[in-house]
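Both complexes shown next keep subunit A, but they swap its partner, so subunit B is in the first and subunit C is in the second.
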Partner chain A sequence: MFHTRIMRKLSIIAPLAITALLSATTISAAEPKAGGTLNTTSTGYRTLNPAVQSGAATGVPGSQIFAGLVLIDEDYKATPYLAESWTVSDDNLTYSFKLVEGAKFHDGQPITSEDVAFSLETVKANHPFGKAMFSNVEAVETPDASTAVFRLSAPIPGLLLSMEPLLLPIIPKHVYGDGQELKKHPRNMENVIGSGPFKVAENTPAERLVLVKNEDFFIEGRPYLDKLVFSIVKDSLTRVLMMEKGEIDYVGFSGIRATDAGRLEKTGRLTVTTEGYGAVGYIHYLELNLRDKPFSDLKVREALAHAIDTSFIAKILFGGRVNAGTGPLHTGSVFYSGDVPSFEADLEKAAALLDEAGYPVGANDERFSFTLDIPSWAKQAHGPMGEYIQSQLGKIGIKVELRQAPDFGTWVKRISSFDYQATMNGSFNYPDPVIGVHRHFDCDNIRNVIWSNTQGYCDPAMDALLDAAAVETDLDKRKATYAEIQRKAVEDLVFIYMPQDFTATVYSDKVGNPPSSVFGPLAPWHDVYLKD
Partner chain B sequence: MIDSSLDNFNTEPMEKPASPARQTWKMFSSNQSAVAGLILLAIVLIFSLVGPLVYQVAPTEMVWMPLTPPLESEYLLGTDYLGRDILAGLINGGRITIAIGASAALLTIVIGVTIGALAGYYGGWVDNLLMRVTEFFQVLPNLLLAMVVVMLFSATLTNIAIAIGIVSWTSTARLTRAEFLRLRSMDYVRAERSIGAKNRRIIWAVILPNAAPPLIVSAALSIGTAILFEAGLAFLGLSDPNNMSWGRMIGDNRPYILDSWWGVTFPGIAIFLTVLAISLVGDGLNDALNPKLRKR
Partner chain C sequence: MVKSLSKRIGNAVILLLAVLVLNFTLIHIAPGDPVEVLAGEMGGATPELLAELRADFGLDQPFHVQLFTYLGNVLQGNLGYSFYYDKPVTELIFDRIGATLLLVITALLFALFVGTALGIASAQKRNSLLSNVVTLLSLAGFSAPVFWIGIMLILLLSVALPIFPIAGMATADEPEGNFAYILDVVWHLVLPALTLASIYLAFYSRLSRASMLEVLESDYIRTARAKGLSRFLVVYKHALRNAVLPVVTFAGLQFAQVISGAVLVETVFAWPGLGTLAFESILRRDSPTLLGILFFSAVLVLVVNIVVDIAYRIIDPRISAK
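Our next item is the complex of A and B:
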């Protein structure tokens, strides 16, 4: 019954939303004005094609260059974008999308359902989560040029969430369908032809990327901006100085440290906000290898959870600008539940638990020691967390040896071959937990792949909950299942959760409608404008 | 005139020539900047070797509000981003920094002298081979090579010292080779050989002591270079996370430089003073050990 309800709801929402989009509801007082150049930064990318590469470096410019079928609003509802409307069958196994009339790629070729089918195949085969998102999509049929029909073998409750430009960018078949390997296709970097609001004017790797307005964009009167300039800046301190000097007007994602935010706000000209980003859901955690002693013992993990004061980390290391984080889901997720066991900071209790678990204080006031790996890719967050944990566990007789990974590859090799004791880690939830959360808990997903179930957690009860949540189409029932999953994950202390990442938007008072969707800047910026 | 001066000369009582060590010390102590360097070095050594016994605050302990400026709490030099005492870091980091510097310098000398001595003494194809190896190491960018070594074998104190050692021995090797080339045809070396001394004895017991003065200077200066090198690596994020060193303090506090100048300034000053002291002492030794200067 509820299937039809959803379908009806969607078909009502669709036309409403397109009018809402066109009248730019988010703008309050000032009328947006067209024109101008927005200066911002990028950390550098190896490809501009989000169909073959995940992550923010490719995703931010990628979602400007390529359009997707839908956009996701702040309530995680799909709104029309390249698809002007869609219908969902009663059994949730058939999605039929109608494309916007007259939409064109940057080279003037029309965007057709063939391109949609081709894009789905490409993402499924090449994107790191391609399989997680679309493995149940059996085929995309193209009855006519403006209709794409997705046939599913089993329901995918989060399917529409995976259809926005970051996760399913519509790429031109006439460019990429030439038989070359997609991951290494030369057109991923040179002469990139997209379907989004901006097109590539200049791409000088490691220096700058210039995007200009797509005059033929399929939404009338958009984008407002004439030009986007991404300067490649790797150092967060440099970005802070550039913001202060007014050389750039906008920085998103983890571009600056939480501790520098206050300094930027003091200028009076700049705003720092952590709003949005719920669909990215960047969380941090302490990952313990559950295969071996001492961490195979739940009591030991409980002791650690009592010894590590996450609210201290949130307050001190992140300047009180992030949520302490309670479990596997980001507080920005619709499925987030705070109803999980909590482990109050209490060193005495931690020590008592270790005594109980059979780790008394031995020689040199030491119970046991372990090596904690610090990856290189989020060192600004993980480094201080590791140092804090080292100092804190030292107080209860656990000697922590920190090991800084020199590069990404070394760390990935260690963790994905399970050759580690403990590591600082972090991952993205993505809009649907099936993509970003299930991978850490599924028994089937204990694989030699990074950000899978590398810690080796396996519980049939958890698997049953995950399987139920994956195909549940009733939102309330699904929420309840996820609440249970979160409770169980924290109860079993699969990970010891750290504060969430400081993913923030920093923008000057010149910028109107700064990119702050649930995807943060990983969504099209066609509504962004510059004030006089 | 000539006669009288001769008279004078004869009437002066003959002084017993001072021992070489005494002569060196006399020369050294008359050099003001060298003495200043020595005093400074003594202060640094006392600070970092005796300091931890007097000032008992653990450098890794969070003791106060993070990023507290100097003179605003009982922790005189302020605290870093984790609320750790900067002064405790300086005192405990000094020992590690000096240990890395000294062991890297020792390694530099061992490798450099061995290769230089063999090349200079034997000449011919041995010299050719060893010098090509030396040149190979010389043309590789030092910092990059050290970074690669540290990255490959993880950043621990030992690995950092080894990395610095194996990238900085080349100039010592060349210096040693030049000295050996000069000394190997000296009469006393020939005499030693003619009475049947083995090569090994000639190299280590006959030539090396005579080649020592410039090598001592080079060794002293390479401690300073090694300390700077350690700081450079740490600045790039390659430091041992389990041991506080001055370089690591600079590297770790660099991201917070806009809010806390003290986090990087104090360890920077410590490194500056130490390297300055070592350079002054090294220059003083150079002058004092140089027989040509001594005669003047």
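Our next item is the complex of A and C:
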């Protein structure tokens, strides 16, 4: 009797135990699983079409909606995406792409080489970096519907990097080719049609953007997620609280401060990482107006470099979570070189240099004074750095007056009309230095436009190096040229480089396969899935 | 009544025109222009593109030409195109005004009723526990910055005690059905409305308390008491009407302030309303949008004031007799 009861119980328990065991093994194998809604945030965007606008606000959702010819992996290598294969001619002047068979736009129309040619023209003419990326592309030929041939007038070593969906999204010609101006095209925001892993289901710019799975995506079995919800949250503190509470699963360009990172990690559910920003590479720097005294004098700039201890800033202001960095290139770039002159922190040396330069200590223990502009954006970084610089330079007799910009427009006006002495500033590298780095050093680019060569640096030797690097197709030779460029930029102290930015992605342990390429959150999320 | 009303409306139109001219001028005095901000957000641009955009927006015209073009458009009911969104301003405003009105009206009504009730209750027993608590709370509500109250409420009621959501107007995965959706929005509305109401709650409770105390001292109340009327009747029939008059006046005047308070509350709670749009339009120098919102709020405030005028006459018939 007793026996049979046990037997009966066992007969019930055994299958349960086996199922449990089986499911345990599947969990440990971490097999990606389809389905689920991923909650994320956005700070708001004015267009969803990355062909006409740069920046993360458009780029993150834009790369989900639009596909590109290639993807770039962790090692800056191009892998097939919309182009299943490609060949490059020996002279590096002809690139021939073969499109994936049967790929369709979200409205069911096939993607053809005509769309590729149209997209290239659009980006070249409308994207802020269109010319920097593609001015050497003379024509895109379309011998048949699935072959696009790029003909170049001079080699573009970073061409494949610029073919990520972020920088060269393939947009439908049958939608955008209606003659309307692309920058203001109504379909940039309404009824947006791309061919990426997700399509737009709801676009309420004040409240949220909902993207749903593209069932006809050209990669079989992807994407895993059913839905992405971008809630529009502008306040960074509110965002941090939402992450802490678990209302957000994944967010790139999270805008959190280094001090918030520890707090979020303490929840035990959240991972904070600065990986995945190598391709955009944000660099902070102190920009000095090189046209006027005292900053036209290299000795003065050297004195400043000796007085400002960047590793101290990295440690104290950014909680040791960022690289101090050494020059114009982000440490995540393939072209980064640390072989540059270093200016050890030494106040006495700084003072001696100032004496030499003809700025002795005068009345009130003062050598000279200047106004340092603090931009309204990225205040969490610029504010404390400005205050640190003020106190350090105070120690060697330079009086720094901090001028907080009330808003973006005011600051841009001052800098782009060269009406400033010094400002905290920073800019993106972008995957190829031609796009994001050259603009600050080129003599031709001294323009009344923000993030050009506003500081007024011009040296024919530097121009020659830049021109050479722009067309050099041999990777090692190109690396050597960029090493020289970095050395020269630091030698001339075109800028005084600050630590690299704390740009971070935050995600919960529910998220599997968070985007890990050098484009990070700006790459398509078709491999991302939600665990049980 | 009709005559005074038409006079009020006439005044209102002149006032609106002044608001438009003043705002337009102020925005143009601010340094920096929308094209440079746009270029910044794009991550840089060429001078040719900047010039093209300026010509597009009419910013290359002299100031007076821009002003008169704008006024002419507004008179024809056209508030113009947003520089930033490339959309008609009226469309932008109508997309968001619902959320703001829901927030502002809920907060104002809550503050009005609860504030008045608290004030009147505490006026009847001076130095009682209730009276002291109300005084203390209203002092706190009055002096604390509204965004701080918002963040504290989030920390308390959505992080520490996870009762309410932190931000937004609806859950990411919207519940099915209209009724469920309404419940969801109400659930999201509680914290922002409470935050926005806090300042005005404090104000109304103090105002109605003071006003009630004053009325309770007056001769006709003593007469009513002497007649032997019940305490309830004296307070709620005789005193209340007179005591709420200043509260109603202020509610009308404050409507404008509530809208400006909404700017901060909407930012903290990611509420998709006009306040956030106004704030961003200032930063972006998107003058058509900002002017449109200011114009709209001015119209709203004027309408509310006219309504208050009418309400005033209903509460106190002596006013229309004059």
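Here are some notes:
FYI, the second predicted complex is superposed on the first by the 502 of 532 C-alpha atoms of A that agree within 3 Å, B and C clash if a C-alpha of one lies under 4 Å from a C-alpha of the other, contacts with A are read in each partner's own complex, and residues count from 1 in each chain.
The rule is simple: contacts are C-beta pairs under 8 Å (C-beta built on N, C-alpha and C of every residue); 3 or more make two chains touch, one makes a residue touch a chain.
Nothing here was measured: the structure is a model prediction, and the numbers come from that model.
Using the contact criterion defined above for the overlaid structures, shared-chain residue A:S231 touches subunit C, although it does not reach subunit B.
In the superposition on chain A, contact of A:D260 is made with subunit B only, not with subunit C.
Look at A:V506: by the touch rule set out above, it reaches neither subunit B nor subunit C. By the touch criterion defined above, A:M163 lies against neither subunit B nor subunit C after alignment on the C-alpha atoms of chain A.
When the two complexes are overlaid on their common chain A, residue A:D407 makes contact with subunit B and with subunit C alike.
In the superposition on chain A, A:L317 contacts subunit B only, with no contact to subunit C.
Of the two partner chains placed around the shared chain by superposition, subunit C is the only one that A:E207 touches, whereas subunit B remains out of contact. Contacts of A:S54 after superposition: subunit C is touched, whereas subunit B is not reached.
Number of subunit A residues touched is higher for C, counting subunit B against subunit C. According to the touch criterion, the shared surface of subunit A, contacted by subunit B in one complex and subunit C in the other, consists of residues 237, 241, 407, 410. Note for the complex: subunit C touches subunit A at residues 30-34, 36-37, 39-47, 50, 84-87, 95-96, 99, 151, 154-155, 158-159, 162, 165-170, 172-173, 267-270, 272-273, 276-277, 280, 282-285.
Here subunit A touches subunit B in the complex through residues 236-237, 240-241, 257, 259-260, 263, 316-317, 374, 379-380, 383-384, 386-388, 390-391, 394, 401-404, 406-407, 410, going by the rule given at the top. Taken in their complex, subunit B has these residues touching subunit A: 60-62, 66-67, 81-83, 150-152, 154-155, 237-238, 241-242, 252, 254-259. Taken in their complex, subunit A has these residues touching subunit C: 37, 39, 44, 46, 53-55, 57, 128-129, 131, 184, 189, 204-208, 227, 229, 231-235, 237-238, 241-242, 244-245, 247, 376, 407-414, 416, 428, 439, 447-452.
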